[in-house]
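There are two complexes below, and they share subunit A, which is joined by subunit B in the first and by subunit C in the second.
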Partner chain A sequence: MTLLGTLALWIAFLLGIWGAIAGFAGGHSGRADLQQSARHAVFAMCAVLLAAVISLEIALFHHDFNVEYVAAYTSRNLPTFYTWSALYAGQKGSLLFWATVLSIFGSLAQWLTAPRHRVYLPYVAAVTCLVATFFVSVTLFAANPFDRLPYTPVDGRGMNPQLQNPGMVFHPPMLYLGYISITIPFAFAMSALLLKKLDADWLVAIRKWTLLSWLFLSIGICLGMWWAYVELGWGGYWAWDPVENASLLPWLTMTAFLHSVMIQEKRGMLKKWNLGLIIGSWLLSIFGTFLTRSGVISSVHSFTQSPVGYFFLAFLAVAAAASFTLYGRRLPLLEAEAKLESMVSREASFLFNNLLFIGIAFSVLWGTLFPILSELVQGTKVTVGPPFFNQVNIPLGLALLALTGIGPLIAWRRASVPNLQRQFAVPAAAGSFTLLILLVAGMRDFYALVAIALGGFVTATVVQEFARGARARHRQYGEAYALALGRLIARNRRRYGGYIVHTGMVILFIAFAGMAFKTETEATLRPGESVSLRSPYGWTYTFTHLGVSQYQALNRLVTAATVEVARNGKKIGLLSTEKRQHVDATGRPTFEPSTAVGIRSDLREDLYTVLAGVVNGTEQAVYRFTINPLVWWVWYGGMIVALGGLIVMWPGGGSPAVKRTQAGYAVRLVETK
Partner chain B sequence: MNAGAKFTIGAALIVGSVGWLMASGIKQTGQYFLTPSELSQKVAADPSFYDVGMKVGARVVPGSVTREVATQTLTFRIADGSASYPVTFHGLPPDTFTDSVEVVVEGRLQKDGLIHATNVLAKCGSRYEAVPKA
Partner chain C sequence: MTSDCRIVGLSDCNRRQFLGLFAGGLLLSVHPTIRQSVDSLPAGRLYQPDWAGRPADPVTAKDNLAVIQAIEKRLRCTCGCGLDIYTCRTTDFSCTYSPALHREVLAKYDAGQTAQQIIDGFVREHGQASLMAPPKRGFNLVGYFLPGTAVLVAAVILTVVLRRWTRAGAPAPVAGTPLGAQGATPAELDRLRRELEGLNT
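Now for the complex of A and B:
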């Protein structure tokens, strides 16, 4: 199997090189045979890389521990589910996974692109081949998953217990799908630049792709937060870890692009900016992969001591230089067709929105790289942590939240005073009313107050938009309100799907604000003893330690401690938390003990318990109890964001040509006066 | 004043506040990240370096770890070959912390030469691979 796998990698490597040559030559000369050949190279590359993936999966399932990768990440008693996901549990496998998925996306782009956008495809094939070849060559020359060991271990080392979590099975591939799919819009951008076809046409060709990668990134980030929360046991879901930041960066620039592209479609402005965002997002996606796959910045995720980092650094440098040189040479062709007419306009609010997104992205990048930059400049490493990121990004994020409400309501070109009054009277009142209630209820945290009040404002704008749209349909077509609402969304998916995404973001912001009121305590308890913790809602929770039990499970020894929880003296249930010592098939311990968190969630708050340890030989247990307000809403908000994204992406609903002129937010009820 | 100029002012305001937030954020929250030998040099050169928040990255000295579960106190030594410091930490160390990993200790060096850690990060679990057992 390893022979077949390595052979497949070599064939993919050669096919990739050929695809790139044929694609560039075919695109340049216009020769149909070369163009066809490049297209076939993409398909063939996809087929051989799939063969390589299947070979690796077979080796994993057959427990062929002579293969170094199999021995390093699986063991005989690893559940099947995780044996399957071991494909991307390690560096080598995930590089193969990257190349394979890219070749699948590349093939889909070749296959599904509408006939009128076919002209871009030869160069698209060339760029996809080039990028995929880079990943294949890294596996071949620095990290071959098919490498064999000089001996065959009896059992593998098994997978790190922290990765044995359903969230970890779906989080990495989702994030990777997000990272990888950005290559397709990037390839189209390069193609448009090379062809000097820089009208809005290529933007139409990549619309679905940009949405797709945005959606995957969003889902991947949310799953990552969920995994960190339920698995790592430190009591939160976002730590501003370099790898978390790396996933956030392309998400920020892609989100900026999804907004600014509307200005180009509607008004022919921001052409340079949009191209820059696509190139930047792609570089950030490679950079994100690089951060995860090398150890440049000490981080809880980093893979250290491997030449892979240098490959990535070199590739990033060459790719950045090449794409920005090409971009620079085409700048004269990218002049705007219109000028900004008023500060009080949709365009201006989108521009500010973009500046904020880029500002946030820049500060996150800067903070992430600061240890390296400071070492280069000053000779000493200076690090910044969560306080820095929160201090910078909370105000910027809140400004962005305000624009989420303002942008969609303000007219294109120039908003009139009656327009502003008509649009903002109700939402502004809703926001002020929310603020008033919170103040009366006794909330005094400044940022939380602003976040929730803005949340009220933005929610009101969205409700107002849906209500007006549904009412208009009800009047015009006599549809019942529920039907009118359904059709409203179905007929104008980009606009109303976008509003649903905004609603999800509001929920996320409010949930983030809830963490300002987190409380925790640590306690060492004998059976029968208890500790109390006051929740931010004013209740008193009492945790009574019941006892410690030890037992064996599938691939681990479990030490479980249980507490009884009472709210204001009334029993509401039990919470268990475990220490797990994973063992291999022969019963020897593998890895360090890991902690399984006990969580009790409801809509208001989570009770989060961690067993820190048991005083040797006794049933005296050390706990940390945390009350995390509104955490459930993070997952709920994330699902709404994903749902909105799916609605925007859903196929059908008019041809793209029609859509372009009345795309999404472009259709305004107010403009008809 | 035309819209372009007004926008430029608005944009400059945003860019300016991002820059200001970042600069003040780094000034207020930036921490030195040192190795034990760099730390000893710093302290030798500048005696006021005690009690300053910083991070120290080093290896845990094997066999130096003592845990008191009841009081949740962890003490260990960290070293990088040429310098070594004792560390005390009150709280829950990460699962991946053992006496043979690389750690990042966040805390303050006291006058008595002891580092009072507020946070301990273990770097090894990072690779999500098992430590080869000797």
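Now for the complex of A and C:
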């Protein structure tokens, strides 16, 4: 199987080179045979890379421990679920996975692109092949998952216990899919630049791809937060870790693009900006991979570090130079077709929204790289942790949340004062009322107050938009309100799906604000002893240690400690937290003992319990108890964001004429002579 | 009645065998060298303490002091995890650095040092990298203020550019005849304008 896998990689490498050459030559010369050959090269590359993946999976499932990758990431007693995900648990496998998914996306782009956009495809094939070839070459020359060991171990080392979590089965592929799918819009952007075909046509061709990429990134980031929360045991879901930051960067720029592209589609403006955002997003996705792989900045994701990061740095430098050179040469062709008519317009609000997205992306990038910069400039290593990022980003994030509510209230082209008064009255009142209630309730944390009050404002904006739309349909077509609401969303998926995403973001911001009220304590308890902790809602939770049990399960030896939880003296349930010593099939310990947290979650707060250890081999247990308010809202806010994204990208949604009307091409009230 | 006793688990045993078994059982239950089952361990002892990882130290009242937690949340663990001392010592129970650093913080606190003195002491001993965020002085100020300043400057530039664009882009006054002149009343026109504004959001 390893021979087949390596052979497949070599064939993919040669096909990729040919596809790139044929694509560029075919695009430049217009020769149909070369164009067709490039297209076929993409499909063939996809087929052989799939063969390589299947070869590796067969080696994994057959426990072929003579293969170094199989021995390093699996063991005989690893559950099947995780044996499958071992494909991307390590550096080498994940690079192969990346190249394969890119070739699948490249093939789908060749296959599914509408005939009117086929002119872009030769260059799209060339760029896709070039990028995929880079990944294949790294796999072949620096990180081959089919390398064999000079001996065959009895059993493998097994998978890192932190990766043996359902969240880790889905989180990495989702993020990879997000990162990788940005290559397709980037390829179309390069194609449009090379063809000098820079109207809004290429934007239509990439619309679904950009949404798909944004959706995968959003889901991937949320799953990563969930995994960090339930698996790492530190009681939070976002630590501003460099690799977390790396996933956030392209998400921010893609979100900025999804807003600003509307201005180009409706008004023919911001062509330079949108192209820059697509190129920047793609470069950031490669940069994220570089950060994950290189270990240049210390991170909790250190299990993927290796020298291949420098391959990525070189590729990043060459790709940035090539794409921005091409971009610079085409700048004269990227002039706007229309001018802005008013500072108080939807277009202007989108520009400020873009400014904030890019500002946050810049501050995240700046904070991530500042340790390196500091060492270069002042010769001193510094740490840039959560205090720095919170201080810099929270104000920008809140300004962005405010714009989430302001933007939809301002008319396209030009808003009049009466229009603004009418639009802002209810949301502003809702925001102020929310603030008042919170102040009366005794909340004094400034950022939390602002976040929740702005949440009230944005929610009122969204509700007002839905209510007005449904009422208009009810009046015009006589539909019942529920039906009118359903049809409103179905006929204007982009607009109302977007509002659903905004709702999800509001929920996320409120949930983030909840962490300002986190409380925690450590305690050493003998069986029967208790400790109490007061929640931000004023309840007193009592945790009574029941005892410690030990047992064997699957591939681990478990020490489980259980507490009984009571709220204001009333028993509400049990919480168990574990220490897990993973072992291989021969019973040898494979990793340091890991911790499984006990969580009791409801709408208001999470009770989060961690077994730190036991004292002198007795049932006297050391615990950390944490009360995390509103965490549940993070997961459901994330689901609502994903749901909104799905609605936006769902096919259909009205005729172009309807869309033009919705776009706000206002009727002039004068007639020209 | 026969000499056999018939009890569950034993069949066809006579009185002598029964007494022998009884005596053996008694001996087994009191003999200290005989391996015990898990359930008969002395109360509170774990069957395999190794499974639970490194033995933990009991928590003291000082460990939970808000001031100690606040200090430790500002100091970075030197194990390379990137977490602060408090988070690392209460999360990564295989780390040997964070408990030692915690003891160092407690020792300095017991010696009567203030929070700032403890933090300054760590910076002297372990360098600036021991802080979770760089101190606000020298080049680090660039780190703190550049993103916010950049956004503000960009916002000002954007505002100026937008003003210029809007002046250039505002539709030239058109010598037009209001549609109202062709039959619509001012009230109707006003209503139409309001409806369009409603649609236009």
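Definition applied: the second predicted complex is superposed on the first by the 649 of 673 C-alpha atoms of A that agree within 3 Å, B and C clash if a C-alpha of one lies under 4 Å from a C-alpha of the other, contacts with A are read in each partner's own complex, and residues count from 1 in each chain.
One rule holds in what follows: a residue touches a chain if its C-beta (ideal position, glycine included) is under 8 Å from a C-beta of that chain, and two chains touch if they have at least 3 such contacts.
Owing to the predicted nature of the structure, the values given are computational and were not obtained by experimental measurement.
After overlaying the two complexes on the shared chain, residue contacts for A:Phe352 are found with subunit B and with subunit C alike.
With both structures placed on the common chain, the touch criterion links A:Leu557 to subunit C but leaves subunit B unconnected. When both complexes are overlaid on chain A, the residue A:Ser530 reaches neither subunit B nor subunit C. When the two complexes are overlaid on their common chain A, residue A:Gln36 makes contact with neither subunit B nor subunit C.
Touch criterion met: A:Arg157 reaches subunit B, while subunit C stays clear of it. Of the two partner chains, neither subunit B nor subunit C is touched by A:Thr519.
Which of subunit B and subunit C touches more residues of subunit A: that partner is C. Contacts of A:Asn419 after superposition on the shared chain: subunit C is touched, whereas subunit B is not.
Of the two partner chains placed around the shared chain by superposition, subunit B is the only one that A:Ala72 touches, whereas subunit C remains out of contact. With both structures placed on the common chain, the touch criterion links A:Leu409 to subunit C but leaves subunit B unconnected.
Common to the subunit B-facing and subunit C-facing surfaces of subunit A are residues 233-234, 298-300, 302, 339-343, 348, 351-352, 355-356, 359, 362-363, 366-367, 370-371, 374, 380-385, 387-388, 391-392, 395-396, 522, 524, 592-593, 595, 610, 612-616, 620, 622, 624.
Taken together, the subunit A residues at the contact with subunit B in this complex read 72-73, 89-90, 157-160, 162-163, 233-234, 298-304, 339-343, 345, 348, 351-352, 355-356, 359, 362-363, 366-367, 370-371, 374, 380-385, 387-389, 391-392, 395-396, 522, 524, 590-595, 610, 612-616, 620, 622, 624. In the complex of the two chains, the subunit C residues touching subunit A come out as 38, 44-59, 63-64, 74, 76, 80-84, 87, 90-91, 93-94, 127-134, 138-140, 143-144, 146-148, 150-151, 154-155, 158-159, 162-163, 165-166, 168-171, 174-179, 189, 192-194, 196-201. Remark: subunit B residues 3-4, 6-7, 10-11, 14-15, 17-18, 21-22, 24-26, 28-34, 38, 55, 57, 67, 69-72, 91-92, 94-98, 104, 121, 123, 125-131 touch subunit A in the complex. Within the complex formed with subunit C, the residues of subunit A that make contact are 232-235, 239, 241, 298-300, 302, 338-343, 348, 351-352, 355-356, 358-359, 362-363, 366-367, 370-371, 373-374, 377-378, 380-388, 391-392, 395-396, 408-413, 416, 418-419, 422-423, 465, 468, 472, 521-524, 526-527, 548, 550, 557-559, 579, 581, 592-593, 595, 610-620, 622, 624, 661, 664, 666-667, 669-673.
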